[in-house]
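One chain, chain A, links the two complexes that follow: it is found with chain B in the first and with chain C in the second.
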Partner chain A sequence: MRFTRGIIALVITAGVCWRFPLFHVVTRKTATAENAATTFNARQFAETFWTKQLPASLDKTVKAAVLLSAIQSDVATAKRNFSRSVGLSEGYFYFVSGTGRVVAVLDDEISLAVTAGSTNAEVSLQTGLIFGNTLRDGTGLLNASDYPNSQDFNDIAAALNHIVETRVLPKLRGQAKVGANISFVGCTEVDDESADLKPLKVVPIQTEAE
Partner chain B sequence: MNANARELFKKLQPLIALAVMVIALALLSDKFLTFANQRNILLQISVNLCLSIGMTLIILTGGIDLSVGAMLGLAGAVAAGLLKSGFVLKAFGVVLQFTPFGAVVAGILVGLALGGFNGLAITKFKLPPFVATLGMLSIARGLTMLWTGGFPVTDLGPKFGFIGAGVLLSVPMAVWISAVLVVIFYFISRRTVLGRYIYAVGGSEKAAAFSGINVNRVKFWVYALGGALAAVAGLIVTARLDAADPKAGLGYELDSIAAVVIGGTSLSGGRGSILGTVLGCLIIGVLNNGLFLLDVSPFWQQVVKGLVILAAVAADKLGARQE
Partner chain C sequence: MKINWLKLAFAAVLAMAALRFTETATAQAAAKQKIAVVISTMNNPWFVVLGETAKARAIELGYDATIFDSQNDTAKEAAHFENLIAGGYKAVLFNPTDANGSIANVQKAKAAGIPVFCIDREINSTNAATAQMLSDSYSGCVKLGQLFVKTVGKDGEYAELLGLVGDNNTWNRSKGFHSVVDRFPGLKMVAQQSGEFDRAKGLEVMESILQAHPNIKGVFCGNDSMAMGAYQALVTAGKADVVKVFGFDGADDVVKSIADGKIVATGMQFPKKMAQQSAEFADQYIKGKRDFAQKIPVPVEIVTKENVSKYGDYGKK
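And now, the complex of A and B:
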């Protein structure tokens, strides 16, 4: 009786597994190819963004001197006119450009004076390791809701940070000498207005020594 | 109050508590009785209900399982990993690409195996349930981290996601799943031989053994079923988030034990029911929801929940002493 019941259970299980297979067997090569085709490639996406989409938008920045002047007059108005924010976050971003004279070169930042006659550090170009979403969110070109999950969107931020660390910062460090003039385009994130606005902490996207 | 009335009052205690809470919250918050909020409460308790059904069976035998949250996490992670990346058989140069159905089956089998391991540790090696399942908590958490590398496994697809986020006849799938499990396990506990054995073992292990019940086998299967139910909860959580979070299920065992105790199941075993646990889950769900609607600080929510658990256990002990 027990043997018969066992056989019946086995037949039912086999029937269910035949109708609803548990898995498909594929070669590793096929699996890798299928995986690559369906997996979001953040590095590739960041590369296309960096070389095609971003250069076309570099003229949509606010000039650093204009922004600093606006901030000095009224932080709230400057924020309303020039910043962008993501979702419900209280932090906000500026997509900023300008030219400034190097007043100091530190381990992980280069300080620039950008307004006429100023000798103070008004903009600080970040040259250390780049963390966070400043680049991804600061340009306003990428929208979180365009991506199926937050992991992919976060991977884009990491890939963009990596591009800056490997392509922009080595050149910038080579150009940075006190007294030199440097033009830049970059993004800045403001979480704490008292700390992040004086000076403006800018993650550079493009720099040029003049 | 005579003995019958006292017994009836004791049985109705969770229901009375729930009714009082519902009336109070309906008066205090105009959002509480809305359809969307009621649906939300059911959705939120569905995971705890899956865990608590298994926990009820375990506590009925006089045991306890502290590893259900960790087993939930591991089962969800295994299912997500198999669905996303398959299982590589290096020696044969092939990959087993799991279907959503296959991933679900694998997840449940993982839960069954882990629960079975708990059962073996308790019955064969005579470890106290508290210690055995505490060990499993650590083992399952470690295995989850090893399997996922500490990162979430995301993007599992709409078919798998239907388990947690799908809707059938305007009711979330997670609620359907937990409701079906309640019916099945209510039937098992009340109408099958295994169910009667579970109550007998919890009432008195010695008496159960003398009357010919294989106590170890009953305990083994109760822990194995607890693991399988934790796995179902893990699949719901993973599907609902469309991601397996390596830290999923952290602290869920406490909510589960609380629901069982509040529902009237005695921590010393032998007394309680699946329906009581359903009420316990509803009480915890309504309590969480109500405190949230009333804008009570999450820190105070923890304090209130702890006090409710203490009150439930104290009432149980007081009742036992009176008897």
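And now, the complex of A and C:
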């Protein structure tokens, strides 16, 4: 009788475990493939953004000469008319383009005079290590609300910075000779108006020697 | 005139019943709507400020507000959500315990028609919460990373104290910091351990790091509680003047320590600003607004000895 009960209990337990397995065996190869499929690839995303979405939006910039003139007249009006900001930030960004004459070549920046007749450094193209979110947030093309995990969104910033450092800056450094004319497209982040506007610190996206 | 006492008594009873009914209805109409404030832990002064400020602003806006302490436990957090859904709360101001583990709770509230506004910590979803107000930890720690290199130098050993490993803020801070520091090959991270955002744990971890790596020049801490613990360990080891400590949060005791030259810098997160805004969002939702941005970054400012006079009381003076 006791033996029969034991057998019945064993059969029931086996049945429950078969219907609701306590664990699944997955091969390492399958698990790695599944994980890769669900993991956000920031480098791949940045590459697509850089080669497809961004080139189609380069005409949405404000011209540097127009912006500099507006800033000269009234910083607040220039901000209202041409900038964008994210979230509750008091800082803001400009997506800017223009042409300028190289007036200085320093270790981490190339200074340009942009307005007619100027010999002052009005725009500073950043050519050192690129950190932060200036490129990601400056164009207005990418939005934090589209990313469930903010780590993915932040990884995009690092991936875009890497593209600039490896593709844009080497060419720019080769072009930068005092007196040369350089056209550029890039983004500016303004955290501190007393330090970030004169000159405009621009992280370059595209440059050409003219 | 003959008085029918029976009819008169009946009329009196009816009148009293009608009066009582009217009083009850009026009292119910006047009862305040309720807002829940669910906080990951109230065992940390920064989160106490976050919770208390959210509650105070909700009360100012005319609501009854109650704080629920999840004690960094997703099970307790889930129980709070069950209770607040059953309790008729109209909105939740929510500081999640776990970016993934807290999603189900928010979804339950959403299914019950209760909006949830995340504060400071996010959940890994864009369709569960009504809005999420998040400190831009990554950008803040990029700036701290730059300051770290400037202060500690481009060579030498350093350590990092991480927060809770399940929290996105932990990794956003760490990644922001490393996006800068890792570009300098001379800087070697010799230890990276979790202090769980806790002062006592930060002290304990720092003590063991110092035994194994006595030559470190700096320590980057994922929050201010751990920074205070790390600093205490350095004082005990007689290394407080040698090892540079960096925190993150903008807690009052760390801001004072920066002024005293004990800690180098922290990232000010503005908990009061986030908490007040979340209560205002809840009020706007209850009054009919629906178009909220899903993720709203809140900037972080770096507090150093040079600008510390501008900061205090968990924000800008």
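The rule is simple: the second predicted complex is superposed on the first by the 187 of 210 C-alpha atoms of A that agree within 3 Å, B and C clash if a C-alpha of one lies under 4 Å from a C-alpha of the other, contacts with A are read in each partner's own complex, and residues count from 1 in each chain.
Simple rule for what comes next: a contact is a pair of C-beta atoms (placed from the backbone, for glycine too) under 8 Å apart; a residue touches a chain by one contact, two chains touch by 3 or more.
Predicted model, so just to flag it, every value in this text is computed and none were measured.
Chemist: Which partner chains sit in contact with A:149 here, chain B, chain C, both or neither? Use first/second/both/neither.
Modeler: Touch status of A:149: both partners.
Chemist: Could you look at A:157 and tell me whether it touches chain B, chain C, both or neither (first, second, both, neither)?
Modeler: second
Chemist: Using the touch definition from the top, say if A:133 reaches chain B (first), chain C (second), both or neither.
Modeler: second
Chemist: Per the contact definition in the header, classify A:91: touching chain B only (first), chain C only (second), both, or neither.
Modeler: In the superposition, A:91 contacts chain C only.
Chemist: Check the contacts made with chain A and report whether chain B or chain C touches more of its residues.
Modeler: Of chain B and chain C, the partner in contact with more residues of chain A is C.
Chemist: Both chain B and chain C touch chain A; at which residues?
Modeler: Residues common to the chain A contacts of chain C and of chain B are 148-149, 151, listed in rising order.
Chemist: Within the complex, which stretch of chain B touches chain A?
Modeler: For chain B paired with chain A, touching residues are 82, 85-88, 93-99, 101-102, 105-106, 152, 154-155, 242-243.
Chemist: Using the touch rule from the top, collect the residues of chain A that touch chain C in their complex.
Modeler: Interface residues on chain A, with respect to chain C: 86-91, 129, 131-133, 144-151, 154-155, 157-158, 161.
Chemist: List the residues on chain A that touch chain B in their complex, please.
Modeler: It is residues 20-28, 31, 34-35, 40, 148-149, 151-152 of chain A that touch chain B.
Chemist: Please output the residues of chain C touching chain A within their complex, sorted ascending.
Modeler: For chain C paired with chain A, touching residues are 99, 122, 124-126, 133-134, 136, 138-139, 142-143, 145-146, 168, 171-172, 175-176, 179-180, 183, 273, 277, 293-299.
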